[in-house]
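As structure tokens, here come the structures.
Paired with chain B in one complex and with chain C in the other, chain A is shared by the two complexes that follow.
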Partner chain A sequence: MSTPMLSYTNLNTPVHRLTGVTKLVFFMVWALTAMIIYDTRCLLVMLVLGLVIFGMARVPFQQYSFVLYLILVFFLLNQVAIFLFSPLYGVELYGSQHDIVHIAGRYTLTWEQLFYQFNVALKYAVVIPIALLFLLVTDPSEFASSLNRIGVSYKIAYSVAIALRYIPDVQQDFQNIAFSAQARGIDISRKEKIGKRLKNVISILMPLILTSVERIEKISTAMELRGFGRKNKRTWYKSRPFQTGDYVALTLVILVAVVSFAVTFADGSRFYNIFE
Partner chain B sequence: MAKTNGLSVKTIVAIGIGSALFIILGRFGSIPTGIPNTNIETTYALLALFALLYGPVAGLLIGLIGHTLKDAIFYGQPWFSWVIASAVVGLLIGLMTRRIAIHDGEFGKGGILRFNIAQILANIIAWIVVAPVLDILIYSEPANKVFTQGIVAAISNIITVAILGTLLAIAYSKTRTKRGSLSREA
Partner chain C sequence: MRKPVIQFQDFSFQYRAQSEPTLHHINLTIYAGEKVLIVGPSGSGKSTLSHCMNGLIPFFYQGEMSGSLQIGGQESRELSIAELSDRVGTVLQDPDGQFVGLTVAEDIAFKLENDRVPQAEMIRRVTGAAETVKFATFLEASPQSLSGGQKQKTTLAGVLVSEADVLLFDEPLASLDPYTGRMTVDLIDRIHRETGRTVVIIEHRLEDMLHRHVDRIIVVNDGQIAADMTPAELLCSGMLRETGIREPLYLNALRYAGCIITPDMQPQHIDTIRLDDCIPVLNDWYHGQQGDTAVSAAEPILELQHVSFGYSKSNPVLHDVSLTVRRGEMVCIAGRNGAGKSTISKLICGFYRPTSGQILLGGRDLAGDTIKERADQIGFVMQNPNHMLSKPLIYDEVALGLRTRGVPEEEIQQRVHDVLQVCGLYPFRSWPVSALSYGQKKRVTIASILVLRPEILILDEPTAGQDYRHYNEMMEFLMELNAQGITIIMITHDMYLMMEYGQRTIVLSEGKKIADDVPARVLSDEAIVAAAHLKTTSLHELAVRSGVGEPSELVSRFIAYDRGMRQS
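For the complex of A and B:
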């Protein structure tokens, strides 16, 4: 059960050299912009820009290829679901109807619907390279310090750091418990019937959660003994000063956001209408 | 216990470990039901339990951090409307179960009932109101699609928490020593 997951690799590229704060702010502003705007032109520009930046980081393909398949499957399912539930949603949004072909019943393929679904696809596609990149080039320990630097309380930043630190441990626990349960004939795979499987899950969850509760006690006692949380501020081993690259990256993302919002809302609507 | 500003150390650690558990169970602990795209998400039983044990702030942040990291690490992109819905589930269950003294081993019929009313309300609000409305606002998806998804998610999560969550909470309460369980020997 060695499930691949996205993880940090240290390379020396201009993208890797940025500070954690820059990476975090870049990702957040980028994702927010892509979430809000629906303007095809801006989204296309952002997609190209995102891919160029992704290329600059020279992350090996095997590091993230598995995620691309998952994203693609999810993508297609979502697109099909949108069409099945609302085949004429695009017509409603853009206020005109240009039929391509009538399929059956209420299902008519229209240019408006195609254009709307293309935009939905584009919205996801724009975030993917930057989101992947953020995960692939950010050192987890630096991530916590950057959360703190952008104003998140250091205690919550520390929670995030603990979460990242303990994912492999919890996964190991889960595997050990699941394997020893299987050795006793407790199966949670598809081979078992659904009712039985649910019952079997309990016998795996129970020890996992009870050991985790114990672990929480242990870690919090250790942290308390070391005086964690006494002061309002703390310093971070992994925090670095800003360099030229950071200013360039931040200026770029702010520029992208401002221009996108200006272009998108210039005509008072989130949507770019090519049918008028 | 040392005086801390705001969150207690235990809550901070619980948020961290709880998020790690949420991520692992979210990835490995979902059981396919046979209906496409509808899984029994055991991770929500965990979220409900941790909200009950460690309170509303922990519930909120485990939902938020756990769901964001899970989506990010395994799927490459957080789906923010559902991330926020998870956070709402944790917050609401935590708020509504504050008076259950599970740490003192008290989780009888009344506690079970209150816990389940809380989780049903929280799931309905999060999946039938918050998630679809955010889907429409953020991603501008068709209303009937997102509400159908929301209703399916609400039902399956309510059932999961009602069975798994309740059993886990009972098991936990049995590991605690009841208040007043000691008696003075004559």
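For the complex of A and C:
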């Protein structure tokens, strides 16, 4: 079996040691800030900070390589699409036009467009490391408890956590089912024609759904018998008091957000204009 | 004056979806501090009885109740399922599917978290419960990474952490190997003595449970209490044979020898039974019997030659395993969880490829064959039938393998009908699969493989989760198939199965083959038994205590006699 993708491993770095609430709040504030602002200076500072934090967590590359490649592909598609659909959007934004080269028809490459797309790329680069990190350093039950702490009902929070927990088991079931199906001649590999293959996949899904329903019934009786849901609130065994690290992280992210918004909106626009 | 903690009075229950009541007029009282064992065949209502005690009935499974059930002096229907869980703590079977915490500690704490116990008290109580089961060093481990016995300890601690007076065990031995099962029985006994809580155990493996003292045994049959007596009385009553519960092996042997068993002989445990009067009778019987240690000398049908395999390079699962299965044999492959026994079957079927070594079928190397090609000759039946069933109707399910192979429809019909006859499923052919019992579903999966006419049938734990009667039916069915010439390989840690039906047992330990012999000798070798997480049988102790014969020889003569009895 290969290295589990995007799965939590406790490496006990300063980043891992943060409480779940800190991780969740940090991620949300960070992502929101990066999505709103277009100020190149702030984004650059955030990029450096994000990469430093990512480095501190020392997560092994194999654990996220596949997802990273996937994101990069979408990122490139997105960049191409922006240019195809609105090649002069940068010009519109920054109110000036410095042509580099005329390509064809309405497609002219301008410094404004390049700068705009550079900013979009930068936003990706700021959000992706922190988003990946959030997935890689938060364990599922901690995630549930932090969702609960920021106000989500613990029943919903727990369902999410349990679903995450049982993904490897369902994968194992799927493999067993697929093996026995293949032995009976149900082929789901590329050798089969697409229509037939789709039908075959469905005949594998049926036992998978049945076994999953069985699993759900088992776990919900077990939870029910241990008093789950009897009260509107519950306590958490693993809830940890805030440590210095948490205060540092939260201060940092709030500082980044406040400064970024202040700098960005100081001149009354989300965009940092180098063409004036 | 003994204080009743659970009291059924003229209690009946009928599931909403069923036309007949499952429990009829139950009168049963369990007193504080007792240790009670409830036995009964599948479908007798013993699980229903336990669901009534812990509140799953009527809160999770709905239906019609009448009469009275008092838990801790209060009518159960006036309590919520959560309040009931404060009084009756349940340890469910199969710990695997019910872990909710990421660490052992969180899993143990789950009940306390739901009860809003403050964190400091929670940590103190979790540590206390873990120490009671001698498991405190594992608090930070992930439950999924534990062995079967450790998982059982985690779920047990998760119940001990509450203040429930009654501990209810629902088939605690169901998914455990014989060795871990014995450890669990010891553990339950120690918890009972040390905490003084009331213990109620639902289990059909009577001999394993009687390894430690039990105050009372209640036999449930057809939704009624068929017996309520001490173990000694029950073992002498003939009730076990009537209700289809397996009697302990040593008593079975003594009965074959013609000994009369009476309650004052203390027959409930092999260490306590007074054998004085039995020894001469047993001795005469022993000398009149012959063991059967012949192994098949037919041509090899399946050979593994120096097979090694690992899912990753750093973590080999099988090292240099060689074994031969001969045509027409019925062989068991045993070993503890993770010893590589399931991996062997997956290699034979071609789901994985060996890293080195060869697998030969009838002398031909299988390396170039696809999964589907191998499946024409080697059928593989999984442990969980729900992993294999993909069609709503039985006929379609069995026909599936032939349809994907492009067999003409008239021939399909003929072959499916034939195989349904063989499997005793012909009357059900147009039924939906979902209407069948667990054992019948298992038969459907076997039928769906048999219809491809394989020469070899590999079954993963063919009798898991089945009571004695269904076990016998399944195994007699496999014997019939075997008599028709199909070679059968069973992956199992059921020792009765090995003794009663295995012609040969191959034992794996840590990816190596450590034994390959007739079951009587394998099960009498203490080193092998320990390595494979099996245990020696009570016949072994009977031989030692009575001084009649060599242990392995007594086992061997018992097996031969027992098989003779079955065939007649």
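Please note the rule applied: the second predicted complex is superposed on the first by the 256 of 276 C-alpha atoms of A that agree within 3 Å, B and C clash if a C-alpha of one lies under 4 Å from a C-alpha of the other, contacts with A are read in each partner's own complex, and residues count from 1 in each chain.
Basically, contacts are C-beta pairs under 8 Å (C-beta built on N, C-alpha and C of every residue); 3 or more make two chains touch, one makes a residue touch a chain.
Nothing here was measured: the structure is a model prediction, and the numbers come from that model.
In the superposed pair of complexes, A:I162 makes contact with chain B and with chain C alike. In the superposed model, A:M206 makes contact with both chain B and chain C.
Between chain B and chain C, the partner in contact with more residues of chain A is B. Once the two complexes are overlaid on the shared chain, A:T235 sits against chain C while remaining clear of chain B.
Of the two partner chains, chain B is the only one that A:I82 touches; chain C does not reach it.
In the superposition on chain A, contact is made by A:Y124 with chain B only, not with chain C. Once chain A of one complex is fitted onto chain A of the other, the partner contacts of A:G185 are limited to chain C, with no touch recorded for chain B. Using the contact criterion defined above for the overlaid structures, shared-chain residue A:V67 touches chain B, although it does not reach chain C. Of the two partner chains, neither chain B nor chain C is touched by A:T251.
Look at A:N176: by the touch rule set out above, it reaches chain C but stays clear of chain B. Shared contact residues of chain A with chain B and chain C: 1, 158, 162, 165, 169, 206, 210, 215, 219, 223-224, 227-230. Residue ranges of chain C in contact with chain A, taken from their complex: 54-56, 59-60, 80-82, 85-86, 90, 92, 94, 97-103, 105-106, 109-119, 122-123, 126, 144, 158, 311-312, 346, 349, 351, 371-372, 374-375, 379-380, 382, 384, 386-391, 400-401, 404-405, 448-449, 452. Residues 1, 139-142, 158, 162, 165, 168-169, 173, 176-177, 179-187, 203-204, 206-207, 210-211, 214-215, 218-219, 221-231, 233-239 of chain A touch chain C in their complex. Across the complex, chain B is touched by residues 1, 3, 5-6, 31, 35-36, 38, 64, 67-68, 70-71, 74, 77, 81-82, 84-86, 89, 93, 120, 123-124, 127-128, 131-132, 134-135, 153, 155-156, 158-167, 169-171, 174, 178, 188, 190, 194, 197-198, 201-202, 205-206, 208-210, 212-213, 215-217, 219-220, 223-224, 227-230, 232, 270 of chain A. Only residues 1-10, 12-21, 23-25, 27-29, 31-34, 37, 40, 42, 45-46, 49, 53, 61, 65-66, 69, 72-78, 80, 138-145, 148-149, 163-164, 167-168, 171-172, 175 of chain B touch chain A when the two sit together in their complex.
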